[in-house]
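Two complexes follow with chain A in common, the first pairing it with chain B and the second with chain C.
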Partner chain A sequence: MTASAILIQFLNGLASASSLFMVAAGLSLIFGVTRIVNFAHGSLYMLGLYLSYSLFELLGGGPLGFWGGVIAAALIVAVFGALVEVLLLRRIYHAPELLQLLATFALGLIVKDVALWVWGPEDLLGPRAPGLAGAVEIAGRRFPEYDLFLIAIGPLVLGALWLLLTRTRWGTLVRAATEDREMAGALGVNQRWLFTGVFALGSLLAGLGGALQLPREPAQLFLDLSVISDAFVVVVVGGLGSIGGAFLAALLIAEIKSFCIGLGDVTLFGAVFSFSKLTLVVEFIVMAVVLVLRPWGLLGRAPAVARSSGAVEPPLVLPSPKLRLAGLAMLAALVLLPAVFSGYTLILMIDIMIFALFSVSLFFIMGPGGMHSFGHAAYFGLGAYGAGLLALKGGVPMELALALGPLCAAIGALAFGWFCVRLSGVYLAMLTLAFSQIAWSIVFQWDAFTGGSNGLVGIWPAAWLASKEAYYYLALSGCGLGVFALWRILYSPFGYALRAGRDSPLRADAIGIDVRTLQWAGFTLAGLAAGLAGALYAFSKGSISPETLSVPRSVDGLVMVLLGGIQSLTGPVWGAIVFTWLQDVVAREIDYWRAVLGAIILLLVLAFPGGLAGALGRLATRLSGGKAAPGAAT
Partner chain B sequence: MSQAMNPPVLRVKNLSKAYGGVQAVSDVSFEVAAGELLALIGPNGAGKTTCFNMLNGQIAADAGGIEFEGRPVRGLKPREIWRLGVGRTFQITATFSSMTVRENVQTALLSHHRRLGSLFSIATRQHVEEADALLARVGMREQAERACGVLAYGDLKRVELAVALANRPRLLLMDEPTAGMAPRERNELMQLAAELARGSNIAVLFTEHDMDVVFSRTPTASSCWPAAN
Partner chain C sequence: MKIMHSLIAAAVLAAAASTGAQAQAIKIGELNSYKVFPAFLDPYKKGWELALEEINKSGGVLGRKLEVVSRDDNGNPGDAVRVAEELIAREKVSVLMGTFPSHVGLAVSNLANQRKIVFVAAEPLTDKIVWENGSRYTFRLRPSTYMQTAMLVPEAAKLKKQKWAIVYPNYEYGQSATASFKKLMTKAQPGVQFVGEQAPPLGKIDAGAVVQALLDAKPDAIFSSLFGPDLQKFVREGNTRGLFKGRPVFNLLAGEPEYLDPLKDETPEGWVVTGYPWNEIKTPEHQKFLAAYQARFKDYPRLGSVVGYSTMYSVANMIKKAGAVDTEKMIAAMKGLEMSTPIGPIVYRAVDHQSTMGAYVGKLAKKNGKGVMVEWRFADGALFLPPFEEVKAMRKE
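Let's turn to the complex of A and B:
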């Protein structure tokens, strides 16, 4: 690269950093004060962009349409954020953090479908900024004026935030609440409006970040997820709750990305290495490195005390004879099912069983293991691709590929898990996300080997398993055994040790338990089980795409586990059944199925903060006239 | 009071620890022999808990030596020190809240018998008698089936003691064992501690910020605490 090219890439990086910083700062601010990880933050950004597009036309174009539109869009998003806080979040501040996450995720689903309904599925490219539509010459190259403006706006917003937080009473309260949550509790009446205000400000920043992108990027429906994962990365790299950290991290990541694009294809040691392809993962690699070297981010501080997970879970009870009987009856019904149903029902049932195993494997590490994973689809996908590639390219018989696929996933989990168990809480969740994104982008880009974005086709089961009935029984036995084994392990000394490490790492360590190694083993086991689900999935569909290990797939797993309730063994199975069925039925019948799903999730979260299984359990005890189960989930 | 016939189980020499500018523990030396009950006394903030945390390997000492049964243990991890035969309780109780009282002790026993790697046996069916015997010893046998998450504070402390005894320790560290207890309960607990020391020949080291407990209730205790800083 020439000196002028380097300068231009550097400026490009600065321009991209501004919006990224604004979204991330909002996310960080909201998390710092309310301790809510706002999964809908990317949706607010997307909303800001769409709104500014419409407002431009509504306000008659020109400078007023553009600048007025940008500001109005940001304000509308802020008001929306405040409404969300008052109507939704206020009701769930005391719910488990994962449930809060689920609620904000559901909100994102609704926003996405509203955007689809209002603006349609086409990409919308906005106008150029009046007055800044041209380009200036820098080092012999043309550089957009608007990008210069963006470069300036980032530090301006940072400065304004800094003034707000250090020079106003409100800012002092915000900082106090960020540093000490009990302190926030002691603020009493003010607290409610403080939280509303912070949420509005965070939303404003996200909306502004989106609106300002109007001349640079088209408004698209997938922006919510891509922006939220970028923002997560920035916040985690910078340090949760640190605005300065978010700025630094946004700069770092935007610059690295910009230089990856600038470098393009480079010949290294005789092989062509594509840096531009690296942009998809480079931020996740940066995050993984930062998390391993500085677990609390660049400017973050280690949390004062490792708090326990909060909600007290009731002890694990061995299933009663009645429950066992019910389980056996269910199994018998599943075995007899193909005698009654065929075709489509069997296909749906196979899907449900596969996702039940996936969901239980995620529950295994999230619940008893206390390790929140946002990237569990990596192991599902590794199992699917492992089996598929072995069968297609390795010439391995299907039966063997089915057995070896999960092993590939376990090896992946073994490698990634080693890093993951060194962290906890949100940081752990982000690292799992990073690893799954890395796995995804390898699969997505390695056209020659994995088929790239087209995926693999023609992964068919062996002849004797080709009929739907035969495959149904294969899936039933594979998933049944997998789920049963995971449940069984939870009752074993290993399972108890895993829960011990979650309940009190301090005590576990003081009675000779090597918590990390144990969690590592648990993570790997869960990866193996998810891999089995993935391998069964591959042969049942006949083709797989990178979607099998994408973030949305991981989120599906999270939704299943949380829907069912994290405090009961059967919860994740019910969650998988309801979710898979809903997705199938609703998606088939209703155009706006995401919004319906989101609304259902929101209602369930608000009505049953303990998850479906907990609610069903309470209902059952009430119906049978018994007392509430000891310590039933509240 | 050192008992001349017994060699010291724990020997602490010139132990120090500072947090930033705060000298939490400075130059502390003492010994505890088998069968001896020794109190570390000092007001809140004197550094007693910090001292315990160094003894069981939870935090690294800045300087000084720690010998357990003649073997230097400074630098070992808590779980390694536990395996050597050191049990401890915490000032703020640390138990497994999603387990019953008995399961807490069973988990410690499973770890002691090195069976935590077992994947398919049923944990609650292991070491039941041994767990109940330990619970009987601390007076928690009747509450064995209760969830740890719902216990009263004093009961939690006794569960913790049972857990700490699961590896048949030769040295027992109890951090403020009677804090938050009613006088009667305190009496019983200190009697139990004295019994453990004398009856089972365990070296018992406990911390206490209330002089009454030390001097009126445990006549065998002696103070080794230097003037508080």
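Let's turn to the complex of A and C:
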């Protein structure tokens, strides 16, 4: 690269960093104060862009249409964010942690379908910015004027936020709440309006970030997902709650991307290496490196010990004889199912059982283990690919491949877990996400070995397992044993120690429990179980593709666990059943099925903040007329 | 669990009741990623709905009406296979059709092979679905990545440009378009050089940086397989930064209304593209289709509409020719099936089950602030397929 090329790529990076920063700053503010992982943040960005497109036309174009539209769009998104906070999130602050994540996920589904309904399926490329439509000469090259404007606006927004947070009373309160929410509340700060205000401000920034992209990026329905993952990365790399950190991280990531593109194909040690292809995953590599070296991001600090506002989880008790009987009856029903049903019911049940095992394995580390994983699909996918590759390329018999596939997942979990258990909270969650994205990108890129984006085709079970009934029993025994083993482990000394490590790392350490090693073992076990689910999935579908270890698959797992209830052993099973079944039915019957699915999840969240299992448990107690049995392992 | 069982039972009963009522209809299972790629698939759905109405109005096939059971496959192979299994096991469909992304197409083709049911792949462009992973149960309508690339190569070679830069979305379609372009260009114009290659992630192009990198590579011409939002961002940045000045650009698919229309006054003039100039095709078959489509939907057809319409007719013609709804007879009928489509006659080749559907090759221009194709000609797909021996070697049957 020549000097002028370096300069221009540097400027390109600056321009990209600005918009990245605005979205990330909003996300960071919201998380800092409300502890909400706002999955709908990308949707707010998308809304900002769509609205500014429509407002431009509505206001009759020209400078007024453009600038007025951008500002109005950001304000509308801010109002929308405030409404969401008041009408929805306020009702579930006291639910078990992460439930708000489920609510914002559902909201994202609804926003996406509403956007499709309002703006139609076609991409909408906005106008150029009036007055900034052309390019200026820099170092003999043409550089867009609008990009120069963006380069300026990033630091301006940073400065404005800094003034707001350090020089106003409101900002002081926000910082106090970020530092210690309960203490701020105890001192008489009206948290309700503070939360609403912060959510509105965060939404405003997301909306503004989106609206300002009008001349650079068409409004389209994929934006929400692509923006949200970038924003998360920036927030975490910068350090949660740190606005300056978010700016630094946005700059770092945007510059690295620009230079990867600028470098293009480079010959290293005689082999051509494509830095351009590296842009697929480079932000996640940066995040993994930063988190391994600096566990709280570039400018973040160790979070204050979070006093959870949710109900304290009651200790586990052994299931009552009645419950055991009910469990056995259900098992018997599952064994007899093929006698009554055939065909598609069995196929759907196979999917449900596989996802139940996947979801229980995620619950195992999230609930009792206290390690929130946003990248659990990595182990599902590694199990699937391990089994698929062994069967297809290794010539290994199917039965053996099915047994060995999960081991690949366990090895992956062993390696990734070693790094992950060194972190906690959202940082741990994001490191798991980073690793899963890295694994995904390798599978996605390595055409010769993994089949690249097309995946592997022709992975079928052995002849004696090929019939629906036979495979149903295989899946039932595999998933049943897997789920039972994980449950059983939670009642073993290992399980108790795992929970001790979650509830009080210090005390656990003091009585001689090696919390980290324990968590590492738990992480690996969960990976093994997820791998078994993945291997069973591969042979039931006949083909696998990188989506088995993609982010949406991980999110599905999270949704199942949270929907079912993170404080109950059977919760994740219920979650898997309801989510898979709902998706199957709703997608078949309704055109706008995503919105309907989102609305149903929202209703469930509002009605049963403790998850489906929690609700069932309460119902059971009421019916039996007994006292609330603590944590009745429903 | 109990609730779940009774619900499943109810659903099964309902399905059983509805099959009883329409016992005579021939059931076709259709699946596609409607919610993931609505820009292409909305018009596609309208296309097959129109064809279905026409077919049934004229008495159906073999004296029976056609019934299409359509499903959303959520754009991922796992869900697609489940949906296809549902169509086969519960709906008892006789034929499968549809799919859009390549990996979903391949997964459904693989399932069709296992369940021994005919699958007419409408849209997936991957070469593999008829070649490396070809199976006797799968047929594909649209011209593949290879064919569309091959249609552009003669024009590209004519320019005698020495240094080419390439930009493509980083997944199978872009990769194989690039590989085919390099191979065919090297053959057509020995000594051609490829000076820069950019592979942005699908849907996430960092257009400013990519345009700059291509400028720095100083190519004489550019070959691109970008489409959708990536294409729009690339075009705008390229226009602003002067990348396209004095540099011919070849872009697969950019002339399809789905991808051309959003460009509006940003449309880069002079680009050589494959596409579908719907308002200029004056053949009788197309006029008839156009009139019917506009009368039915009050909208103009996109390429997706043609694909949906022709896929539906392919299935109907296959059953008609087979004379029975029998998988083996339908395979035999489909091999070498000749039929007409709104954009000309096609043959489903017996050798690889690929239809010879063609595409329009032309140049982009601006007219009243909208993008159009000019100086276009129809490229017959049959002329842009590799020789039979090469195809046979690739298909492992």
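Quick notes on this structure:
One rule holds in what follows: the second predicted complex is superposed on the first by the 616 of 634 C-alpha atoms of A that agree within 3 Å, B and C clash if a C-alpha of one lies under 4 Å from a C-alpha of the other, contacts with A are read in each partner's own complex, and residues count from 1 in each chain.
FYI, a contact is a pair of C-beta atoms (placed from the backbone, for glycine too) under 8 Å apart; a residue touches a chain by one contact, two chains touch by 3 or more.
Bear in mind the structure is a predicted one, so any value in this text is a computation, not a measurement.
After superposition onto chain A, partners chain B and chain C are found to sit side by side with no clash. Once the two complexes are laid on top of each other via chain A, the angle at chain A between chain B and chain C, using C-alpha centres, comes to 160°, given in steps of 10. Residue by residue along chain A, chain B and chain C are tallied for touches, and C comes out ahead. Shared-chain residue A:Ile138: touches no atom of chain B or chain C. Of the two partner chains placed around the shared chain by superposition, chain B is the only one that A:Leu518 touches, whereas chain C remains out of contact.
Legend: residue contacts after superposition of the two complexes on their common chain; A:Pro315 is shown touching chain B, with no touch to chain C.
Within the superposed three-chain model, A:Asn454 lies in touch with chain C and out of touch with chain B [touch as defined at top].
Remark: least CA distance from chain B to chain C after fitting both complexes onto chain A is 28 Å.
In the three-chain superposition model, chain A touches chain B and chain C at no common residue.
Of all the residues in chain B, the ones that touch chain A in their complex are 56, 58, 77-79, 82-83, 88, 90, 94-100, 103, 106-108, 110-112, 115-124, 126, 147, 149-150, 160, 163-164, 166-167. Here chain A touches chain C in the complex through residues 1-2, 5, 8-9, 12-13, 15-16, 113, 116, 121-125, 128, 134-135, 141-144, 147, 215-218, 220-222, 226, 257-258, 261-262, 264-265, 274, 276-277, 279-280, 330, 333, 341, 343-345, 347-348, 351, 444-445, 447, 452-455, 457-458, 460, 468, 537, 541-545, 547-548, 552, 577, 581, 583-585, 587-588, 591, 593-594, going by the rule given at the top. Against chain A, the residues of chain C that register as touching in their complex are 1, 4-5, 7-9, 11-12, 34-35, 38-39, 41-42, 71-72, 74, 76-78, 81-82, 85-86, 89-90, 102-103, 106-107, 109-111, 114, 126, 128, 133, 170-172, 175, 196-201, 203-204, 206-210, 212-213, 215-217, 228-229, 232-233, 236-237, 240-242, 258, 261-264, 266. Those residues of chain A whose C-beta lies close enough to touch chain B in the complex are 308, 312-316, 318, 488-489, 491-497, 499-500, 502-504, 506-514, 518, 630-631.
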